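Listed below are the structures to be examined.
In what follows, chain A forms one complex with chain B and a second complex with chain C.
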Partner chain A sequence: MSAETLAARPSPLSRRGRLLLGLLLAAAAAWATLGLAPSDALPGEAGRGILRLFLEGALSPALTYEGSDVPADAPPLLARVAGALWRTVVFAVAGLSLSLVIGVVLGFLGARSWWEDDERECAVRARARAPVRRVLAAVHLSVRVTIALMRSVHELLWAVLLLAALGLTSFSAVIAIAIPYGGTLAKVFSEMLDECPRDTVRSLRAIGARGVSVFAWGLLPRAMGDMSAYAFYRFECAVRSSAILGFFGYPTIGYYLRLSAENVHYREVWTYLYALLALVGLLELWSSRLRRRVVMR
Partner chain B sequence: MSERLRRLHRARPRSRFVRASAAVGGLCTAYVWCSGAVEAGDFLSARRRENLVRFLTEDSVPFPLRGEGFDLAGAWSWAGEVLGGRGLQAAVATVAIATVAIALAGVLSGCLAPLAAATVATERPVEPAAGGGRPAWRALRLIVRAGMIVMRSIPEYVLAFLLLAVLGPNHAWPAVLALALHNGAILGRLGAEAVENLEPGPLRSLRGLGASRRSILAAGVFPLALGNYLLYFFYRFETCVREATVLGMLGVVSLGFYIQDARAKLYYDEMLLLIGLGSVIVLAADWVSSRARRYLRSGV
Partner chain C sequence: MSSPATGFCLRGVCVEYGASAALREVDLEIEPGEVVAFVGPSGAGKSTALGLCNGMVCPTSGTVRLDGEDLCGLPAARLRALRSRIGLIPQELGLVGNLRVSQNVLAGRLGRRGALAGLRPLIHARRGELTEVLEILDRLGIGEKLFHRVDTLSGGERQRVAIARALYQEAGVLLADEPLSALDPARARETLTLLLAVAREEGLTLILSLHDIDLARELVGRLVGLRAGRVVFDRRREDVTDDDLRHLYQLEGDERVG
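Moving on to the complex of A and B:
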């Protein structure tokens, strides 16, 4: 970088400074809007009692039911925890596998490199005539809009919608995860495809490859590592989402956690929390080992 | 030629672990879909279809448009009333919750990140041999990292639910604190990585000049790591807005509160309208955060 370009640019510190100042002002305004009182952030008399109970529960998570009003046919607590954990994973696996299909299809169709035909890209639009190109551009735009809309509604809100439309069925939980996750995967996949190095693409084009084959052999293998690492990371998120779907009546871990908390059985709450933490921790370990092997640096 | 290709193919990098992971993933997926654990067929049953048709053709249609009295002006004023009244108020509250939460998360992660970074939290910071350190330093890093793992593994929704029982429902703190703790832990981890990946040269020269740990942090680590950190920060802001919307369903007054309210009253038309409003807010936050990131990178 030469001296002129350095002088022509404003210093990066001032840019950050402006952003931070804006952020501070926004936070102050938001604080005032919400009317937050710092004293309310600490528990009151009753809250302290609950907090004490809750923290005591952390040291001695329940291994059997805490209450005495357990129905005779209820499974042992640990079996119930294992079942809830298993169903949490089942919903997450089903939701993520569906969203992977959506993510790959929409991610390809949403990637600029799938459509455009300037020098660096592999073109599907390249050989089409002008009116066809306009139609294809419209398809590209509508795919991107669809991705944004799928992503912009939280999985819990999709669940609420699907509960109203379909009622309580495990398939509605799966779709509630699959739609927003499909959108997120599609967005990230298309960005990864557009941003991955173009060297292979260039050499393939130089030896005469065109169109989809450049995409499939030049671009996809370069982005594949990042894409699979990200997909696995999303699985971890899907497990968390699946867990909280239980708050809406699905039989995942959130359902039992909520029941126990509402009955003030905090030792049982901790059993569920520890189970969820162990599962997520295990997945995180797995995901980081996988990332080290598949992500190209 | 083909012999050479075959040899290259055989010599490609492979990993047993990756293959085993893919196999486990594939088997689990096949099992989940084939075993009947997910009732995909039930989706097509007559009762569900009926429910779906009723939802689409009656429940979700704005009520002034239902049946005989097709009243477009009425629908318009109904939408204006819902969106302009509680909709607007809840939208402002949602964004405000997310903003306060992300600011607190920023402060929290600023405290945690240096404590978790192996290059700083050690008795001889930023020196070439840094990284190990006495057991006390190692224990400190381990505790901070473990705490962050726990905080980011518990979903915000569960955190807010538990905080609601402790703090009471009459203010926004349960939602704000849940988001701040969860995101503070995530940003703390990312910040610690940003600190560890810093170019060691400038920091070592500060150390060579005799700077203390605190001055190295203030004059070297924070300014240098801030750029990368802020990129993550604005990315998390978007997620915060998304989550702030739904935390309302627990009883804090954000958009989710009114969505839950409409749902409980079976006003599905109003519920859809509010969900649409939530979608607009999230898209707006997405736009703001991507603009902020672009501004950081290139100044536009």
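Moving on to the complex of A and C:
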């Protein structure tokens, strides 16, 4: 008996080994398909020159404009950097504020914990409530599908679509951020709400509270710490997205980065990059502090 | 001011979860203003019996009447109205740790508010409401904790917040599921004494489930012994015999082996 049990010992390599082998094969197949060779990573003669120029720029970022074709009414470079950073943050804040509204509303509708069946409830009442639950379940499903659609398209693709539909307006940039971010927030918020312990939900229901009250008193405050922490994290992401949207012509830092790069003003490029790095670093610091306060308090 | 006390009448109640029966053929009458404790071993059906009293559990067969009204099959609005008159101190207390004590207590009246009117006290409590909450907390000896977050309180203090919530509810009945389970012996006695005093002063019907049979026998007027879903005795505490208890807690043959 015990010998059989011992003999049945699973080999440590059997499953994990197969998985590892599969991953290695997939990687090799991908490299072979693309015809990648390590030598391709080395730039050619011209490329080396550009690379050297670019890396030199890193050591001496520009404090004034490079080149001579600067319009007379252009602000000093550092003022332009500051303005671009400011607008990057403003676009991020506007986009995220809209996506927070979307996230809370759809997160509420996409959560089940405030209306789901209590398994001990009586058959008579369950039957009576069945039509309401069917409606709620249908709403829930359609909200989940909507959330998935919003999320599955990247903000840059939304920007392409919205640029065509609305033109290069501030609003199109804000919506381009708000749609995918709203979807992501809604998904995560609804999961956080559904993962909350249900004891308060049960005890509030037991004293006659309605679904909305149960949500606002029993679920939302419980999930609030995690939800805020996640929202802060998404704000950092929104700043990066907002910067990149500049490549489409919106007046965030990406716009100037692209202009300078196209004019081969690499020292200016580095000024913008350093400014962006500093901003993201500061936000990271600030939000991790806030997160600690909200979650640990 | 609490609602007038409420009485219960259970007739031939069976509760089944899937194939297993939690309660079988239970008949029980509880008068308004009475204090009753369900006692018995784990899994005897004490919590299920409590759940019947506010319709959180519905009988598979038989009826549960609250002041003559059958609790099962009521329309949602009527059930909510009835539940708003039944206070509950669940075993896990059901408090929200990151809300203030005041907010947790204010939640007691949610059953009587509409969907939107229920949100207001969470965001902004009126002065009058806070005064009322403070009076209750003072009575329970934790008045100074009014604006503390619940997760900064001790176990005993949380227990009192849950009691305060039920009192603020102005219910006619108080259901308490194992209210002493998380407390040390001294605190358990203190809490039970407090619950009994509150019920007496307010004229509430108080129904508890209790693990501590000695404390129940010492303090609670009427004991209902449950074993494997059946009522094995239902007596005034002075009439409960040691034989009753032996019968109540005796291990089944196979349980003893296990």
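Keep in mind that, in the parts below, the second predicted complex is superposed on the first by the 250 of 297 C-alpha atoms of A that agree within 3 Å, B and C clash if a C-alpha of one lies under 4 Å from a C-alpha of the other, contacts with A are read in each partner's own complex, and residues count from 1 in each chain.
Basically, a residue touches a chain if its C-beta (ideal position, glycine included) is under 8 Å from a C-beta of that chain, and two chains touch if they have at least 3 such contacts.
Quantities reported herein were computed from a predicted structural model and do not represent experimental measurements.
Enquirer: Quick check for you: in the superposed arrangement, does A:105 touch first (chain B), second (chain C), both or neither?
Expert: In the superposition, A:105 touches no partner, neither chain B nor chain C.
Enquirer: Looking at the overlay, does A:136 come into contact with chain B only (first), chain C only (second), both, or neither?
Expert: Neither partner.
Enquirer: Tell me which of chain B and chain C touches more residues of chain A.
Expert: B
Enquirer: For A:259, using the defined touch cut-off, is the partner it touches chain B, chain C, both, or neither? Pick first, second, both or neither.
Expert: Neither: A:259 stays clear of chain B and chain C.
Enquirer: Which partner chains sit in contact with A:208 here, chain B, chain C, both or neither? Use first/second/both/neither.
Expert: second
Enquirer: Tell me, which parts of chain C touch chain A in their complex?
Expert: Counting only chain C, the residues touching chain A are 17, 51, 54-59, 72-76, 79-84, 86-88, 90, 92-99, 103, 107-108, 110-116, 118-119, 122, 149, 169, 171.
Enquirer: Touching residues of chain A toward chain B in the complex: what are they?
Expert: Those residues of chain A that touch chain B are 9-10, 12-13, 15-16, 19, 23-24, 26-27, 29-31, 33-37, 40-41, 43-44, 46-47, 50-51, 54, 87, 89-91, 93-94, 97, 148-149, 151-154, 156-157, 160-161, 164-167, 169-172, 174, 232, 240-241, 243-244, 247, 254, 257-258, 261, 269, 273, 276-277, 280-281, 284, 286, 289-290, 293-294.
Enquirer: Chain C touches which residues of chain A in the complex?
Expert: That would be residues 118, 120-125, 128-129, 199-200, 202-213, 216-218, 221-222, 224-225, 297 of chain A.
Enquirer: Hey, which residues of chain B end up touching chain A in the complex?
Expert: Against chain A, the touching part of chain B is residues 15, 17-18, 21, 28-29, 32-33, 37-40, 42-43, 47-48, 51-52, 55-56, 59, 92-93, 95-97, 99-100, 102-103, 106, 149-150, 153-155, 157-158, 161-162, 165-168, 170-173, 176-177, 223, 226-227, 230, 242-243, 245-246, 249, 256, 259-260, 263, 268, 271-272, 275, 278-280, 282-283, 286, 292, 295-296, 299.
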